[in-house]
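Okay, got some structures for you below.
In the two complexes below, chain A is the common chain; its partner is chain B in one and chain C in the other.
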Partner chain A sequence: MSTNPHSAGRSGLELSKFRNLPVILIVAGAIGAGLGVAASGKGVTQFAFSWLLAFMFALSLCMGGLFLVIVHHLFDASWSVPTRRLCEHLACLLAPTMLILFLPIAILAKTIYPWMRLTNPDHAVQSKYPLFTTPGYYIASAILFGIWWLYSNRLRYWSLRQDETGSADCTRRMRFFAASGVVLFALTLTLAAILWMKGLMSEWYSTMYGVTYFAASIWVTLPTVYVITLILQRTTVLGNLVKEKTYYMLGSLFLAFTVFWAYVNFSQYFIIWNANMPEETFWYVLREKGTWDVVGKYIIIFGHFFIPFVMLLRIDFKLKLATMLPLAAWAWAMHFVDLEFQIMPAVHPNTILTPGLLSDLGCVLLFTGVLMIVFIRSLNRHPLYPLKDPRIAEAMDVYVPPAAEVSVTPQGAK
Partner chain B sequence: MPASYAILAEYETPAAVLHAAGKVRDAGYRHWDVFTPFPVHGMDGAMGIRNSKVGWFSFIGGCTGYTTGMLMIWFMNAYDYRIVIGGKPMFSPFAAFPPSYELTILFGAFGALLGMLFLNRLPRLHHPLLKNRRFAMATHDRFFVVIETSDPQYSEIETRQLLESLGSRHIEMVEE
Partner chain C sequence: MAAQPVLDERSLIKVQAPPASLEREPLVGSQHGPGWLSDRIAGVIEGETPGWWKISFAISVTMMTVCFALILYLMSTGVGIWGLQHPVMWGYAIINFVWWIGIGHAGTLISAILFLLRQRWRTSINRAAEAMTIFAVMCAGIFPLIHIGRIWYGWWLFPVPNSNGIWPQFRSPLMWDVFAVSTYFTVSVLFWYMGLIPDLAVMRDRAKTKIRKFSYGLFALGWTGSNRHWSNYEKAYLILAGLSTPLVLSVHSIVSLDFSVSQLPGWHTTIFPPYFVAGAVYSGFGMVLTLLVPLRRMLKLEEIITVRHVELMCKVTLATGSIVGYAYGMEFFIAWYSGNPYERFLFLQNRAADPFILGPLFHVPPAPYWWAFWTMVTCNVVVPQFFWFKKVRTSMLAVFFLSILVNVGMWFERFVIVITSLHREFLPSNWGYYGPTWVDILQFLGTFGLFFTFFLLFLRYIPLIAIAEVKGVTPQADPHHPLGGAKVGGKH
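On to the complex of A and B.
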């Protein structure tokens, strides 16, 4: 099946025990979502919101992958060489996979976004024209996917080209896409968060919103990449390439983004709390009702920030499977709760504990299964790491003399 | 004749001193150190040095700072001199967080700095090695392994033989 020499002789991933996992996830997810939607009594509305939550969850991982690729090229780092290819695959899930998964949201947009249903849009919506108009919504969404497709695709294309040619030109081109991409990344991610998630309560203002979604996205991607790398290291040729420093750096960035996430979320809350203006505070007031209060004040502050923060302070914890694997699962759970907190008060104002929670979970499982299938197919189709990355030797802690030195010595010897 | 403080062995390359450090570690010495003109990667592992304890000092410092900040603001705003501002609660952890956070950083930094000085036994006015002329090369292009005579493993002959066998061209005793 495989055409490249580096994955030949290793019939894909040796994870035969888990071969059916994606399908199981999809089936279990669909059943969970179906039951949840039926039990919630809200029908299509519940389905639309659950789907949106799962979409934003998956989008976090894909955007995180794109960000890590961009950052790799911008910083010209060696520790991220082994994880680059899998991050490229993660980013490439943005289009067409995520675009297809976006279609239910596009179709059900009127069910999801109250501002789309207004016959006489109020000032808060009008001031956001032309973005918050129905055509504006679809055009902006199309542009977002267009930009993501272009950048994720080009970055992987030149990376794969370099596997064949080894040309430095490929690195230069990837750097061009990384440097221009980081600006577009920031703009598109912010726009996506505002358009698809903040738009649920369009009267609200917060200039921090994009960056909070960014921080949360990278935060959940880092342990995910950590675990994927770990699995690949134990099962594939990647094992020869990954050194401790890769895990250490991923762990350190995980710690950094734990703090960064807390910082931007606190800043958003604190500024709104201090300014005390009704058009801003209502968003948080709604989230102090019923069980949302417990979610916001305790689960998120302690679960999303404090526990990972304290655990990641220690160097050795960042390197141990026994601490990082549970922490990665915990990060997924916390990101899920965080997105619940962002999205669901719009449809369940009083409590997080509704049958809808089951359909939210189901949709996330379903998305995970679908993305896993595409991701594993990409992994099997291409070399597992950038074969001719300029820093590949450095990543492996091997010293290779510069070309000039090599060519001079044999001549002198002869 | 003054008492000996340590035996000093000079090496010419980072690789040699790295190798020597590993062997000295394996021989079971405890009161010893390596001096190089620049950081040598992998030296921590070669010397068998474990993670520094400074982190604990900054952690305790940070916790102290955070608690101090919260308690101070609670005492001033909600206990000692109560003023209603904007209808907000007398004490809220959210309002008190930024100053407490600043104090966390400040006390954390104090903890790190003082902890480092404490663990390094600094400041001190003099160190026997500074008298040694050869040792000044540690800031230039030479690499040194220094084993103190107070080490339980130390023996004038065997330690010297070990350091010689590891490729040192120049070995001398450092006076107290």
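On to the complex of A and C.
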């Protein structure tokens, strides 16, 4: 890995404890996935679904990173300056890393999606032509990755350029990409959720579906960014930049998205339940069978909503490592369970408790390991924060006279 | 892992001032002191009544009188004087109700949600927006009440014992409306009043007549501005903001359920709750812009309600308008995706098919209300996109004109939702065409009279900007600014 240009004359990053973590995750994940697939008795089908679940999990984090970068520029925010570079790296995982990780799904698409196997497509599939055709699926997927690559790459490119030049023009260009990107972000995330996840049961439809995946994605990204920032703050120069308000804002947004996620999911469920139309209710009826009922009624409602909601209400909890670290781990677990609930009834209609669960977990660990390697490589290649962000003085709560520059330590100016 | 900079107390971070073109404009112009702010805001009340105010008030009272006269006509005659006829039994009354409730969303959103999000720019506009909210909800409340026909039985909506042993039907979303709207109204009034207390005390202390001193003093509740008063005030404000926030979201979510829990194509769609909330905020901000853009000039408040405030409100309008656009798109997309013939028919042949492009393209006759649909799309999706441009956001004339289109568009949205889904039933033999009567139209216009009568009275008797709050966002109150005592690099 190359040396960070901003680290000249300083000692190395003390992350030796984590040095082998990505490799451990990859190996453990591969073993878990292998054992799970073997024990499930469903062979390649189990592997394909586990891989899809892990992919959608990782996609949430990358899309969440892209969203945070976009809204940073749109809102012209200052509190998020210290986390912006991290989010840019998260977003850049979308391409080519996630594209490469998508290849098994592309190859095994016929195993995953029942509509692709139909020799005589029914009305539900025919009405979705040309999107729900094999070429349509691949073309749409390619377009999604193309748009994500363009926007994540350009946003980071101009951010890095600004590190060198400090030019206002870079900010304007990032704002341009953020402004056009937010529209495309909404459309592509919706299409991805529909094409890759809702398409598992192509007869079902809900206008809220894209919003629910969006809410879940941002919900899980916020604690992830929180934890990464915390690690870097404690071990790197980022410690001089990150203020309490950054954690407070991340925690507050985490609370807001906890409520938003519950709100959109409840709205979807309630409207479908109340109208009681068979072409809609069957999706939930399937999820009331066996242990899926417990997952839906108890684990998701209490685990995904009530526990984080109650914990995040307190300001001091949002600022404590002792509460936020377990809560972040809890959020990852709950997002995993949520995706199980969305995806897995298609292959395990009666229970979540199958050997396949080991395979799902294994694939998520494997994905995490791979993404960690790429992410850390990006961290080491570039400055840890946007060095010449126009809002950096505000982020640090210091006054800098117009057209001036000051050097700041935790104790004050030099 | 490769070398990275480590945390070191001697580590320096170089901090540059932003380039001149990216400097933030101050929230209060010209760096005036606190005294100037008090004089300027209180001066609106203490000065002579302007001529434009008298003319506007006379027109508003006249319109309000027409509204109440027509309500009397309705009570004496019945809802047959409206344009309602089979199959459209929900007409202007519901459209107007939803529209006014939507307008009433901006105030509490600005006061509560922007407060919790630490958006300091809210301070110049929150008071007027809150007042607007309360008056808009009052206008909204009229319509469901008169829609029941026999207004004197309106109290049956509440779960109180009555002689017939009739109990409200709690399974009906219309009942949920009663509780959601009345709770929202109550909390909004409380929140508004509590924020007023320090300013009422300012008005009391500046009053030159005994009546004024007594009146403002009565409602100022003995406020002295002591540290203890401020401490209690801040706590109460935070609690009310916390209570109001879910209410802002719940009211229009529940209004959306009036439609979405049904099985009617065009109404039954899962995205309705957030879509309605976004639409409500969009229309609410549209109305705030319509009111404040001319007022800031007429009342000479340009240095307190600055161009930056107008720009920021335009951005919220743009964001919420775009969310509404996304929801329109999703409705169309899922109508196509679902393959449901009724949904497809509704969206194409009841709404979108115009006689010029879509109708001929899909070989279908024009939708009866295509003009309403395209007015809605133009005003709610196309119009806010102009706010991407700084030139538009900083042109007060353009913002005023576009904000009126926002209001028009949101009224048409409710018209499209209500009428186009109802006028063609599943049985073609039951199809009909809805048109309002003169009573429908005048009653709707009359509510503007009610709204503006209250708003104009508010302008004359209550500080339209939160004096105490706006002082807190001046450079003098900022410890990180030299006027607030800061030195270069953060040593205070």
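We adopt the following convention: the second predicted complex is superposed on the first by the 393 of 414 C-alpha atoms of A that agree within 3 Å, B and C clash if a C-alpha of one lies under 4 Å from a C-alpha of the other, contacts with A are read in each partner's own complex, and residues count from 1 in each chain.
By our rule, a contact is a pair of C-beta atoms (placed from the backbone, for glycine too) under 8 Å apart; a residue touches a chain by one contact, two chains touch by 3 or more.
Keep in mind the model is a prediction, meaning the values are calculated, not measured.
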| item | value |
| --- | --- |
| Touched partner set for A:190, first chain B, second chain C, both or neither | second |
| Chain touching more of chain A, residue-wise (chain B, chain C) | C |
| Touching partner for A:274 - first (chain B), second (chain C), both, neither | both |
| Which of chain B and chain C A:126 touches, first, second, both or neither | second |
| First (chain B), second (chain C), both or neither touched by A:316 | first |
| Which of chain B and chain C A:243 touches, first, second, both or neither | neither |
| Residues of chain A that lie at the interface with chain B and also at the interface with chain C | 270, 274 |
| Touch list for chain A against partner chain C, complex | 1-4, 6-7, 10-16, 18-19, 123-124, 126-128, 131, 166-168, 171, 179, 182-183, 186-187, 190, 194, 205-211, 233-241, 252, 263-264, 267-268, 270-272, 274-275, 277, 279, 376, 379-380, 384, 387-388, 390-393, 396-414 |
| Residues of chain B defined as touching chain A within the complex | 51, 55, 59, 86, 88, 92, 94-95, 97-98 |
| Chain A contact footprint on chain C (complex, rising order) | 1-23, 116-117, 249, 253, 257, 260-263, 268-274, 322, 326-327, 330-331, 333-334, 336-340, 388, 480-482, 486-491 |
| Residues of chain A touching chain B in the complex | 266, 269-270, 273-274, 276, 313, 315-316 |
